[in-house]
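Following this line, the structures themselves.
Two complexes come next, and they have one chain in common, chain A, joined by chain B in the first and chain C in the second.
Right, the complex of A and B next:
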């Protein structure tokens, strides 16, 4: 099973490069701490997913690069070529001369339709190179114009053309302040459109990644390249091969399978769906693949990633880890809204199980306990079979309408990831993103009330009603997550 | 990559333009040591094989043969343009891209706008079209002119309308030099107000510059340099006196140094569009982020470091000083105090060895001391360009959409009204064909409306607008 990556805009292209570089380095590292045979299987599986091979043997990333101006693409292509280890396809990029100018409307309504054929052709060529396609991974930021606007446009078109393939969007959530002034407008337009066409939104917040660079990696002068490496590390730890079930002899074939395509159904039908056997549903949608259930309902599509340990190489040399310690921290990060290992609030406890919470969470109340819809834990490294995951199976962690057995999954491999002897990654569909989303919607709404900057969008055909539609949809998402 | 065309109008516009081309050449020479014509150079220069007669000599790649500025030079006198054509930059300008006359506009906006406008409209259009044809993807016209005289003010703003009609998709960024209150052109308030109406209506962004502020900045530098106390810390390579490989080693006239500041403004404004960086900012992002309402497109700019020593290691304290300075009124290119007025939006364009963490630290540090309008509390736009200015390790251009421009406009209006009440010199204007009294009344009400918009924004500071309740969902 292969994944076709589409990297859009300056942010998407810079991160895309780091992701492929991380995947390649890790799969070719000799530090896997496992048998030679195991290592070879791991490498082969990684390669099948993310790289194709040309005659001369240099792996080619299964990626399409899209930007509306040439500088970043030129830089990205040559960086990959200079690495000498892997490269991008010779004709797998599309760029124009003039960027989208931080204007979502320009990207979505002008650039998108104008270049639809060319971009979709490139993607189709990449798809044709795959023996079997598991889905699309679309990397974009939501603050600017190209990644956000064209990203939303392309995702929508992929949904039309490849409705049976999974589409997961990697969204870079902008800093709370200081990147792009119209970022909140661009963000609500992006999120609302992706909510209609994507299967899952994997979100990374710049503020959180920045903090990880400062606190955990101990970098003093943090560059975008530092941030992108942290991000690529997190994504690598999700996407590198793992075994699907205990004792299974084969590496999972479809890592994107962590997002389930659910039918656009209401809660009621979801309950009916879940009352059926989960395996039956997966077999129905994706023959032969065990699918995880991180997105059991179309109202809940936002996934966050947490990982542990993450530290500078210097500190790593002096650290040892136990599975019990790592998982205890990871669980507390989950329930207490922590974005990283440092500064976890250990006071937060799950509500007593069995007792229903007293009424619904008030709308603007500080969220203390983070309720989950579904979680996936990925463990990599030594003695992985000994790890005890009971802490994640507590029903109190989850919304009342899902049983832990359906809401929690684990992937494992003995093959260590990167330089970490043991490491654990959590992909969580929970209330993690309610606050940031609520903030973005609130700020965009305030600006919208003053009508500031609206003329820049109507110029390219995005009208006030389109904004209102986006606000309505996202207020619904916020309310749904709040009411878990 | 996109291209831009510089249209320099009048004496002031051409002098600044001349400085700009000098600095632009030096900047690209410093970055591009191999002499290959690359995309960065192509944004402001054509590569031409001069041996080919006619217009067919454009070379799109390979070695630099002969660089021609993407410029149109317009003056209704010959003096300044002739000086340029006899000076060291003569080969950079294509003789086909000049428009001159001998009679001058006599410091009369009406002569520049109405008489020469009509007379030269076709010629101007032809040169503009020609310059546009030479571009692969024309993104922006940079118009440089002054507000107080006749040609720059009158013909310069006439041209804006022509650009708007002929190239509606191409941005119009205008660098406007405003007269100081001791200006020796007696009719400068008339000319400025008449020009303001055109700027209000036909520009995408205006970068107001004030001669007095430039002069103050130069005087301060001279003071520091001459006092010798700080001999060791004052750079010989500031942006202002920017010496490295300069054509003019010594600045006899203060105007040279002053024009240099403006030229640097344009270089830094376009650097992130021309060169690589980890956070690019294209020219079309400027108006998208900084112009919340079409009329409010006046951006106050400040450049740092102007007179601090820049050394390669950038101790953080000194780097942070650069950010603090950008908000001080001493560094603004018009007399304005953004720190004590209301921000609608602010852009920080950084060049050189500065990373995102430096930017964020400084935004967090400075934010509490700045007032932003209620609906844009986090109105920051940032860019990081990896190529520093020649002779520096880093630099910062701050662009502020801030109500602090209002006093400049009010003062101008006051000076206009004093003349206009007495009808002084009015007949010089009214005798020009096409000029009516209504031109004056319309211009002054256009300015009043602009001032009123700023007033309304300031009023929201004392009486905050209540937040509109969020949409509720069932």
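Right, the complex of A and C next:
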């Protein structure tokens, strides 16, 4: 099962590089703290997902790079080639000479349709290299012009052309105090378009990642590269191979969501797979993967990632962790809206289940307590079987219409990730993003009400009607998330 | 003419290569290939010395090479061997007797209680899950198609080989007639060479010399072992003779007898199982067949299951025995250490 990554714009290309580099280094690291055989299975599984092999043995990222300016693409290509360990496909990129100037409409309505054929051709070539395509991972910013405008356009076309493949968009939420005046417009247009064509929106907030760099990684002068590394670490900890729920002996083949039940009818396919690639393909399929577990509902598609521990290498050398400690913190991060380990509000408690929310409850309960729709916890490292996850199975954590057994899932592997002996990652479909989303919609609405900058969009075919549709859709999303 | 010599060297190289020749070995220099062919033929006992004297640059010797090829063809079912080598592994094989239990519980049925009013969002959620599963099913169908087409391509390739083999069978007679004429036209080799029908790979002299002392040493060791065992046996018999009375002895004897009985039964079972025609072993394909299909190389799934069941029974008996031993061991330990107590495991 393979994933084709589409890197769009400056942001998407820079993050994409870090993600591949993280995946590659981790899978080739000798610090996995597991048996050689297990390590080989892990590496093979990672490779099948994200890399294809060329004749000379250097793995090639299953990726397509798209930008309207050549500068970042050239940098990204040469950075990968310089690493000497993996690289991008020789012809797997598309660029032009001129960007979109932060104008979403220009990216979506001009660049997109104009270069549609070339871009989709590149993607198709990459798809044809996969024996089995699991889906697309589309990395882009939310508030820019090229990445977000073309990103929305490309995602929509992928939905038309590969309707059965899964699509997950990694989107970068802008700084609250961003420097681009129209970032809120761009954001609502991106979000509303993706909500229609993508299966899951994995959101990273620049503010949160910045804080992690400052507080946990202790970086003084934070560069985009630092932030992208933190982000890639989080994504890597989600996408690297794991075992399915309880004690399964094979790595799940599809991190996005293959869900085929083993049955006599797939006997043949199983055997066929066996013969095609003995080492890299695992024989058994699993039910219940990321998408199916987290985002089956069409109104709830926003995912956030939290991970623990995260620290500079210097501190890591002097730290030891227990699963109980890590999971206690992770749970509190979940219920108290914390974006990282530091500054968790330990006062927040789940509402007592069974009691109606009467006057006794604090008035602003929903502002403090983060209700979840569904959560996935991924544990990697030593003694992982001993980790107790009962804290995440409390019905009070979840919306009333889902039982924890449906709403909570866990993936585990003994194989340690990156340099951490033990690490836990939470992928959560919860109210984490309601507040930031509400704020962006509010700000954009205020500008829209005074008709500011609208002409820059109507000029390229994005009409006021389109804005209104976007507002309606996103307000519905906010309302749905609020009334869990 | 000798223009065909290089091609014949290459052909012999391919025929003699143990594995289907991949790109890397096919690209070897002609000299290397020729040298390889000579030694391979020599090790297989090819009798004509004229071949060994051919130059390795591939400039001469097409007749000798042709004879060598005919020798290989006449000696055994070469086309069949080559076809078997190139046979496409469909992969629908399972190692018999090593079946692992595939204990994968199916998806749990969602338990919706009929009495409670169902939240529409829950239904939408379940619908969404269904949709994802459907999409994944479609994707895996696609995957099957891709793999099937690859498989078909490889089968087509194999077919070409089969067709070539058929062609050979049709023309074989002509070939052998031709070879007869070639042989008749060939000058006979010197009688000295003919008298030496095969020349096997040379075993270095010193190797043979070394074997003798080792064998002697082995014999000495064996004698020593017998002697030591005899000593022990005598000592043991003396010791047992002293303790032979008493209830402990009779209990031990009974336990021994039971153990021996069990072992014997197991041996008997194994012997009975082995007595019949040789049990098929190794990889087998699972296929459906007619009830009255003739008994051949196949093994019935029911028989395999039966065998596994009896194996399971044996293992279970062994487990019981070991558990008993463990219990006894534990009881002994506890008896000797009065400070030890039992507590329930943590977390319960």
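Quick notes on this one:
What we mean here is this: the second predicted complex is superposed on the first by the 437 of 484 C-alpha atoms of A that agree within 3 Å, B and C clash if a C-alpha of one lies under 4 Å from a C-alpha of the other, contacts with A are read in each partner's own complex, and residues count from 1 in each chain.
In this text, contacts are C-beta pairs under 8 Å (C-beta built on N, C-alpha and C of every residue); 3 or more make two chains touch, one makes a residue touch a chain.
In this text the structure is predicted, and so the values were computed from the model without any measurement.
Comparing chain C and chain B on the residues of chain A they touch gives the larger count to B. Touch criterion met: A:455 reaches chain B, while chain C stays clear of it. Of the two partner chains, chain C is the only one touched by A:297; chain B is not. In the superposition on chain A, contact of A:402 is made with chain C only, not with chain B. In the superposed model, A:134 makes contact with chain C only, not with chain B. No residue of chain A lies in contact with both chain B in one complex and chain C in the other. Residues of chain A that touch chain C in their complex: 131-134, 163-166, 199, 248, 254, 257-262, 266, 268-269, 271-276, 284-285, 287-288, 291-292, 295-299, 399-402, 406.
The touching residues of chain A, when paired with chain B in their complex, are 10, 14, 69-72, 75, 97-103, 145, 175-182, 210, 213-214, 219-225, 227, 441-443, 445-447, 449-453, 455-456, 468, 471-472, 475-476, 479.
If you check the complex, the residues on chain C that touch chain A are 89-93, 102, 104, 106-107, 110, 119, 121-122, 124-129, 131-133, 135-140, 142-144, 146-148, 150-151.
By the touch rule above, chain B contacts chain A in their complex via residues 1-2, 39, 136-137, 139, 276, 278-280, 282, 284-285, 287-294, 345, 355-360, 363, 367, 374-382, 384, 465, 467-468, 470-473.
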